[in-house]
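Structures given as structure tokens follow.
Consider the two complexes below, in which chain A is the common component and chain B and chain C are the respective partners.
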Partner chain A sequence: MKALAAKWGLWGGYLAVLLLLPQVFDSILAISIFNQMAIAIVFALSYNMLLGQGGMLSFGHAVYFGLGGFLAVHVLRLMEFEAVYFSIALIPLIGGLTGLLAGIFAGSFSTRKAGTVFAMISLGIGELVAASSLIFTGFFGGEAGVSGDRTFGPPLFGMDFFSDTDVYYLAVFWVFVSTLFMYLFTRTPAGRMANAVRDNPERAEFIGYSARWVRFISFCAAGTFAGVAGGLFALNYEFLTDENLNLVTSGRVLLMAYIGGLGFFIGPIIGAIILTLMNFLLSNYTELFLLYLGILFVLTVLFLPRGFAGFIMMHQTAWLRGRLHGLALPYLLTGLPALLFILSAVCLLELSHASEPVLHFLGLSLARDSTLSWAGLVLGAGLGAFLTARSTPRLRRAWEAANAPETRVGRERAS
Partner chain B sequence: MPEVLVFATLNGLVTGLLLFMLASGLTVIFSMMGVLNFAHASFYMLGAYFAYSISLYFGYWTGLILAPLIVGVLGALVERYGLRRVHQHGHVAELVFTFGLAFLIEEAVQFFWGQDTKNYQTPDLLDFPLFTLFGQEFSAYRGFMLAISIGIFIGLYQVLTRSRVGLIIQAAISHPHMVANLGHNVPLIFTAVFGIGTALAGLAGVIAGPVLTTFPGMALVLGSIVFVIVVIGGLGSLPGALIASLLIGLLQSYAIAANVGMPELLELLGLEFPRSHPLDDLWTLNLAQIAPILPFLLLVLVLIFRPTGLMGKREQ
Partner chain C sequence: MSILSLRGLRKNFGATEIIRGVDLGIEDGEKHAIIGPNGAGKSTLFHLISGRYAPSAGAIEFKGQSLANLPPHRINRLGIARSFQVTNIFPRLSVFENIRCALLWPSGYRYSFWRLLDREAGLNRETGQVLEKIGLAGRAEIPAGEIAYSEQRALELGMAIAGGAELILLDEPVAGMSHSEADKAVELIRRVTEGKTLIMVEHDMNIVFELADRISVLVYGEVIASGAPAEIRANAQVQEAYLGEALSDA
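Up next, the complex of A and B:
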């Protein structure tokens, strides 16, 4: 009963946050960030259905996103010329259906194997569609892309979709519904079997399930929701180019899902929020945004293989045993020097790439030609690295102590 | 017509053998560690950029020797401190790691060298037409590329099949534990093979840089094609990689040279379609246009009908 209440509370809270966000941050920029986040959340969650839940590493997931988006834009164009009568609110459904159809087609032959073979086929399909999009200019618009106009549909609840805010509320509906359905999918037999096939396809086959069929179902579902995200993208930007279905977009969704944390349902949501925020906050200030993103990604793969969500969940044991407070000081002692190192390194990178003689960064004024600023930054980075390395053993000891199994002695000492 | 055929064949051979220099390293690394190195073409790009920077100060020939060495050392470091670390998390994690690495290297190249195309020139020594056939010139540099690629292929083949080191490597591919029991340092062999593979990719970059232009997107252009080759040839098969490289090189070269397409085909069949039809793009398609997608089409077809590739081992 209590668990059920908590679950309802969680979903209610999710919906409330989604609905209240534009009331708190109501600038045009904020709304456009939220819209982008909404699209990214659905897209990243759909990717997690493949890689996180189903164990299929795809390098071509943008195909379903892009195809859904392109068809949605074409429907918008038809509405503009009054060739069809259709509701704007259902445009993402068009995207979803397109994604589903494309998923059924591609899934019919690519889900035979997981692992490397699947990754290669997905790469092949992705490159094939991306290259075709530049050839078939009638549908894809070539390099210029295709654009539509969302304001020609019939108004819905008094919204004419002229402003981004209207689109946001529509997106909230679709994000909530998609998240709910994707979560429910993980609780269905098909979703549970997807996990089983990911972990051990042979044993799944032994108890009578076709691993291929299970993968196919996950694949189609993932394609559908990617298409929904594509439809939302079409509504928000009213414009699609070949970039929306090529390797760049496929790579970005992989980054989002991985950095957020695969295997956890909430992981891709975290990843989508972090990356969208980073994109908006950093890309205005620095040209090196993609370099930082690359470094962040490689470091995540190396040191946090389960992403940010996995990092948070690592503390579950310590939290349950009530020993989380013991970690606070060691974290601070390692974290602060690490922060010093990161900031100094970022300053060094920015300074070496600065186009103006004086760089204003993080409240500092750094002269490109002064030896002092270079020396200071190198010193800061060195000091940070040294102190981080010095304090790591202490953190490790604290970590082991916090996660150690309960002993009688330990319990006595605690009481 | 014959001059088109001759030059298309020659250019196809040059491209094919160049692709083989990348594919050979990739496929040996795969058969050893079971990981498809997504960043392989990024090392090729690094080779071109290092050689360009070195050639500014010491000339082309120093770059030809030094750049692959630097790239090889970088590759070995990546294997030792990156790949070996993620190995415990499985093949998918490894593939994701190399994917991230490819992304990072592309950004790093833009950070150090900028986004513009580099003016990386062929050396003066080779700046003359090797021979003139049907009034068309075949440059000496392309001949040089051909010679280097063939030399590398023969050298690699000899080392792998005839030398003691090659035997140990081959044994480490199929029976790593047995080789370790015999007292060989298998992780070190892995690192060395990865280093040599990336050095070969770097060498390919050095010799291809002046011809295929040195720019930050060069890894992306070639990267997925090299993957296609390794998969079509059969994962882990060196002869398969050679055949597939030549196949793709010639296929693309012929497709670009041949001036045929749907209009000619339809004319041959006596069919006619109205212009300004929604499917107009399809009726006016020609072979040169679809040359870039041919490898991927081939890849998907091979994976559907013969998942092990041309020379791959039978599936268990």
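Up next, the complex of A and C:
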């Protein structure tokens, strides 16, 4: 009963946060970030149906996102020319159906095997569709892309969709429903067998399941929700180009899911939020955004293989034993020098990339030709790295103490 | 009538012939052990019956139906379940989920994505009963990859018997277990295979003679003798080929 209440509370909280966000941050910029996040959340969660839950490493998931988006834009155009009468609210459904159909087609031959074979086929399909998008200009609009106008549909609850805020509330509905359905899918026979096939496809065969069919169903579901995300994208930007279905977009959704954490349902949501925020906050200040993204990804793979969600969940034991507070100081003592190292390193990168003689960055004025600037940054980075290394043993001891079973700590205290 | 019959069964990998013409009939309800020296083809025989390998020649019939060209999942759905010599489970799923997954198809859930497993009280109760039977009820929530080896063997066995298959194939069910663990496992196997047809591959002769009511001896891909335990013990050819040594050990 308590678990049930917690579950309802969690979903209620999720919906409340989604609904309240634009009340707290109501600038146009903030709404535009929230819309991007909403799209990214659905897209990243759909990707995790493949990789995290089904063990299928796809390099072409943007295909289903993009195709869904393109079809949605075309429906918007038809509405504009009054060729069809359709509700704006259901545009993401058009995207979802497109994603489903594309998923049925591609899944019919690509889900035979997982592993390298699946990954290579997904790469091939991704390349093929991206190339086609520049060839079949009638549908994809070539390099110029296709644009539509979302304001021609009948108003919905008084919303005419001139503003991004209207789009946001529609997106919240779709994000919430999609998240809920993707979560519930994991609790069904098909969803649970997807985990089983991920773990051991051979064993699944010997308990009556065709590993291929199990993968196929997950693949179609993932395509559907990627299409929904694409439909939301079409509504938000009213504009799609070949970039929305190419390998860059496919790669980015992989990064989101991975950085967030593949093994947790909430992981891709965290990843989508982090990457969208990073994109907005950093791309205005630096041209090296992609470099930082790459470094973040490599560091995640090396040090947080279970992603940010995994990092948070690591603290569960310490939290349950009421010893989380013991970690605060060691974290601070390691975190601050690490921050110094990171900021110095970032400044070094920016300075070596600077086109102006004087770089204004993080409140510092750094001269490109001054030895002092370079020396100061190198010193900062070195000091940061040294202090980080010095403080990690202490952090490790604190970590072990916080996670140690009750009895051992008791004995240690006694001695 | 035989529930399973193998006729002229052959399997070769390239030029190497592993199974060289096996004829064998298994009666309904029989507990049948297949013994033989290493490399005799015992596991290969299991792989042929369960569909992991396709035979090079010959026929396999289960209840009068040919198993030729059927993939493993179809053979399983007919009522043949198996365990593996090397533990073969779903390591990241909990012990409970492992058993529940094994129950899904036989309980008619198929590929449904509109039913929530947590609400299927009957299925969850049945999963709990299987866990009780194999003695893992206390380990239900632990990931299967993290439990002890002998527990994983019990889980492996549980997955094979969970679905209520009529014919159960156990490939060295007690391999790698200590004496006391093996004794427990034999008790367990006896209990859970009651009223079912069992074929097992086993090296430990004590266990074979304890569990089996018929034994076949496989040597270099051929069945050289098949009969009741007493006959096999007395068979001179078997003693020469294989048993003498093992029996004097035991």
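As a convention for this text, the second predicted complex is superposed on the first by the 408 of 415 C-alpha atoms of A that agree within 3 Å, B and C clash if a C-alpha of one lies under 4 Å from a C-alpha of the other, contacts with A are read in each partner's own complex, and residues count from 1 in each chain.
The working rule: contacts are C-beta pairs under 8 Å (C-beta built on N, C-alpha and C of every residue); 3 or more make two chains touch, one makes a residue touch a chain.
Please read all numbers here as calculations on a predicted model, not as lab measurements.
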| item | value |
| --- | --- |
| First, second, both or neither for A:188, with chain B first and chain C second | second |
| Touching partner for A:217 - first (chain B), second (chain C), both, neither | second |
| Partner chain(s) touched by A:135 [first = chain B, second = chain C, both, neither] | first |
| Which superposed partner A:251 touches (first chain B, second chain C, both, neither) | first |
| Touched partner set for A:196, first chain B, second chain C, both or neither | second |
| Chain B versus chain C as contact partner of A:125, first or second or both or neither | first |
| Which superposed partner A:327 touches (first chain B, second chain C, both, neither) | neither |
| Partner chain in contact with A:206 - chain B first, chain C second, else both or neither | second |
| On chain A, positions contacted by chain B and by chain C | none |
| Residue numbers on chain C that touch chain A, as the complex places them | 50-52, 71-73, 76-77, 81-82, 84, 88-93, 97, 100-102, 104-106, 109-118, 159, 163 |
| Complex interface listing, chain B residues touching chain A | 36, 82, 85-86, 89, 91-93, 95-97, 99-101, 103-104, 106-108, 110-111, 220, 224, 227-228, 231, 235, 278-282, 285, 289-290, 292-293, 296-297, 299-300, 303-304, 307 |
| Interfacial residue positions of chain A with respect to chain B in the complex | 51, 55, 57, 59, 109-110, 112-113, 115-117, 119-121, 123-125, 127-128, 131-132, 135-139, 247, 251, 254-255, 258, 288, 290-291, 293-295, 297-298, 301-302, 305, 349, 353 |
| Chain A - residues contacting chain C, complex | 184-185, 187-193, 195-196, 198-200, 202-210, 213-214, 217, 221 |
